[in-house]
Amino acid sequence: MTSIGTGYDLSASTYSPDGRIFQVEYANKAVENSGQDLSRSTAIGLRVKDGIILAVEKLVHSKLLIPEANRRIQTLDRHLGLATAGLLADGRQLANKARDESANFRDSFRSPAPVKYIADRLGSYIQVYTLYSSVRPFGISTIIGGVDQDGPSLFVIEPSGVFFGYHGAAVGKGRQLAKTELEKLKLSDLSMRQAVLEAARIIYLVHDDSKEKTFELEMSWVGNDTNGLHVPVPKDLLSEAEQKAKAALEDFE
Amino acid sequence: MPDMVTLSYPSPSSKPQQRQFNPYSENGGTILAISGADFSVIAGDTRQSEGYSIQTRYAPKVFRLTDNAVLAVNGFAADGNMFVKQVRQRLEWYRHAHAKDMPLRAIARLIQTMLYARRFFPYYVYNILGGIEEDGSGAVYSFDPVGSYERESCRAAGAAQSLVQPFLDNQIYFKNQVALPGHPHPQHLPLLTVIQLVIDSFTSATERHIEVGDGLEMFIVLAKGSPLYGVENIAGVQEMTVTNEGERIFVVRRNLKRD
Amino acid sequence: MDHFPTNWGRPRNDGFDAYGTYPIAQRPYNGLGNDVFSEGVQRTQQPIVTGTSVLAIKYKDGVMMSADNLASYGSLARFKDIQRLHPVGTNTIIGAGGDMSDFQYIQALLDDLMVEEFTEGDGDGHALGPGEIHEYLSQVMYARRSKMDPLWNSLIVGGVKDGKRFLSYVDLLGTTYSASTLATGYGSYIAQPLLRKAVEGNEDNITEEEAVKILEQSMKVLFYRDARSLNKYQIAKITSDGVAISESRSVDTQWSFADGIRGYGAQTQ
Amino acid sequence: MFRNTYDSDNTVFSPQGRLHQVEYALEAVKQGSAAVGLRSKTHSILLALKRSTGELASYQQKMFRIDDHVGIAIAGLTSDARVLSNFMRQQAMSSKMAFNRPVPVNRLVSAIADKAQVNTQEYGRRPYGVGFLVIGQDQSGPHLYEFSPSGNSYEYYAMSIGARSQSAKTYLEKHYESFADCSLEDLIKHGLHALRETLQQDKDLNVNNTSIGIVGAPSVHEKTTNVSFRILEGETIQPFLDTMVPKDAPAAAPAPPASTDEDVQMAE
């Protein structure tokens, strides 16, 4: 961050002399430690044989919050889900855009949009916000997952607009540890139920008890077990996953 | 002079046949309203029909707008329902702006403005507005489809207007009745008399007009502080008042013949 | 497209080819009414491929609806495997008579709406019920008629929400009404009286079996009398358990009497 | 002139990934007088403290009716609130027009949150300078939401916003578990106690400076049968004020000083 204060980092439309766009880099910072809305949380996505699992570590910033009422994982279409880390409001804005894209695809072709198509459109959309001084980049990393004609697929879109497909993806504060854990899994062999348990375990593992407040685990899934619909993981499975995650955590320690 | 050229002008019959879409229909039924010194009665039958078909035996044509205004709409039902919906939204904005209900005479003017705005694609609807003025008097306003309106003591509209209006002229305005010397016709009739006239109007219209029948819905609006005049004793009466501003609204339902 | 500029219309009806663009033998007629714009923009349409009656009744457990599988092209029985009953969400069914392409458009519209509900609502407990869907359809139908560009259909919306039965009608004019028996098209003349007789005042007692019987009987009468109908139809029921649309079925009919009618069978002057 | 290089513009991230203009907008909310919201199984209520600029001036408007089933209390810039509340009214009405149903409260709140987000991302705008507490009743029962200029919204059991709202929050956190089963009268009493915490030592709630907003069945102190959103002001709130436990001046929990100047950590 040597260029802080040199004036090359005040606009997305300015390169620094060494060819960097600082505003985009700062947006990445927002993903990890946004100070204003306490969203310093982790989100992960798992792509398994016949479905996708999304999970987020939802920090509970006040005990006055109503549990489970404030959802962080969003539904884009019947078959598409999205989880973000970073500025929550940016995440909602992007989800609305994604819904429009998906609806437009459906209107044109009378079939559900491929996951990759949506990831592509959103990548382009986010990229536009890295070009001009009149806007700021999106302060979010996005996991988008769904099941289309070619089966389950999972993508991550960064604030720069770049996107990649993944078998297992993690964004946000605890992404390094989460990635390490994901890499240990044989993702393509897992059933959706197994993947739910693993996802819960990973979220419990990456949550930093010492630094962060309490959290709530939120999970959704889409695939064979859900008739191809992106829906929240049912309550009984969710609590089973939480129990096992807590148990595993104790073993770990 | 012989034709110089042969014209290949298509004969009129070979032109594509044109079937003009008619955006209007007429759904029968009749409405009427009568005002008294400190009350107003607004009524309509509940049959909705098209041609010789009864579409439904219960489709309301009379609507409570506020605690002191009731609107009856008759004509093309789709226009009528949309019009009422739009009036209600305008009244809601008025409430937001002024934290009170719009006065009756203002609603009357609002309706004329809204109707006239569609002068060249009119709502095919005859409106009758009844309620209580700010001075506490009962009032009836009647409208034509493009917004011409006036305040009256009584008005009938719709399919059986030609049957009911002459009857009201005679019974309310005492047309063709000569008063006994020293006993002038009353300025206003008492509420229960008016209610009986309304019921008689509709039973008669039901007898003689195929588009009238099935049910009668009658709204009674009482001025602030007015006595109940026995309304509370009418069988099946139901109070519709929402606020505590003083005016009260009641509704009475009666069956009419269904044939 | 007419590529001769002289046919595009002129400020005045010149009686001759002022611009000299035509050989005399082909000189066009420029008389009144031959201006290509004289007919204005044509938005008004007529139904092309059409479905006939839809019937619906309320009964003890909910609402039942039926429609045959025919889509006619004028008097031609063009498509004989068309479904005219369409589920919307988990507790609503719409049945359509009139233009089938307009109906398909309406299905697409409602599908978009349901996706919107699914994503934005995201299980918040505010699913659209039959009442809301009927209101929405009414607004669409009325808006299109007001643009003089109607969706040429008669639609029946039926369903159950929070234990309450709902049954309502809307058509190309935006006209709406509710009743415990409804019928569109030819059915409104022929079947409606039969349905009313069987159902009115009896809505809470009719069992599912009886409801099926009532509709079967009416469909049979319609098949006998409506030349644009087909003896292949479906019955849908909507109860608090959800919607169910039957496979196509038919009723036994007896046409031997037709032999004795002039116009049927062998012609015997 | 500015506190740092990165705080003059809403389209600029600081090197830490912060949006200072948004944080300052959250400060604007804290400039406004406090509002408190609570929810039970049957009711949602709002309470707000009205300021007056002087003896001859009237008290400000802190609550707006959105629809029969929704109302809001505001803290911050009143003019921004008027724009947003107008938008909410439009949303409520188009829901009635298109579907003939009262707009679900959560969707209404999301709609203004999404609207507010745009003002945190595009040049030439400023974030809205107002926070809302939104109460409403729909098919899924009574609700209470907080909306803030950052474009976030959350649903709460109880919440407070505005000047010295932390003190009210402390009170609410201590008692919120009992709110679910409270009668309307008790709920209002809790609300008044929480609101009182935001006052300076020498001040007290009275009929002039307090507004109460309610959705749900009427209280015994109201002379109405109305269950839709209503705002109580003036003499009508006296019976509720009378239910309050008088504050025994020295024993009252010392309120932490109002933060005006430090960097904001929302809901800290």
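Here the chain labels run A, B, C and D in written order, and each chain numbers its own residues starting at 1.
The rule we apply is simple: contacts are C-beta pairs under 8 Å (C-beta built on N, C-alpha and C of every residue); 3 or more make two chains touch, one makes a residue touch a chain.
All figures in this text were calculated on a predicted structure; none of them were measured in a lab.
Chain pairs B-D and A-D differ in how many C-beta pairs they share in contact, with the greater number at A-D. When each chain is reduced to the average of its Cα atoms, D sits farthest from chain C.
Here the spacing of chain A and chain C, counted between their Cα centres, is 45 Å. Spacing of chain A relative to chain D, judged by their CA centroids, is 31 angstrom. Averaging C-alpha coordinates per chain places the centre of chain A 58 Å away from that of chain B. The multi-chain contact residues of chain C, meaning those touching 2 or more other chains, are 120.
Along chain A, no residue makes contact with two or more other chains. The set of chain D residues touching two or more other chains comprises 97, 110. In terms of which chains touch, the assembly is arranged in some other way, matching none of the line, ring, star or all-to-all patterns. Chain pairs that touch one another are A-C, A-D, B-C, B-D, C-D. Contact residues on chain B toward chain C in their complex (touch as defined above): 4-9, 18-21, 23-25, 27, 48, 50, 53, 55-59, 76-78, 81-82, 121.
Looking at the complex, you find that chain A touches chain C at residues 71, 74-78, 99, 102-103, 106-107, 110, 229, 231-232.
Within the complex formed with chain D, the residues of chain C that make contact are 120-121, 124-126, 128, 131-132, 135-136, 139. Chain D makes touch with chain C in their complex at residues 97-101, 104, 106-107, 110, 138-140. Chain contact summary for the complex, chain B toward chain D: residues 85, 89, 92-93, 95-96, 242-244.
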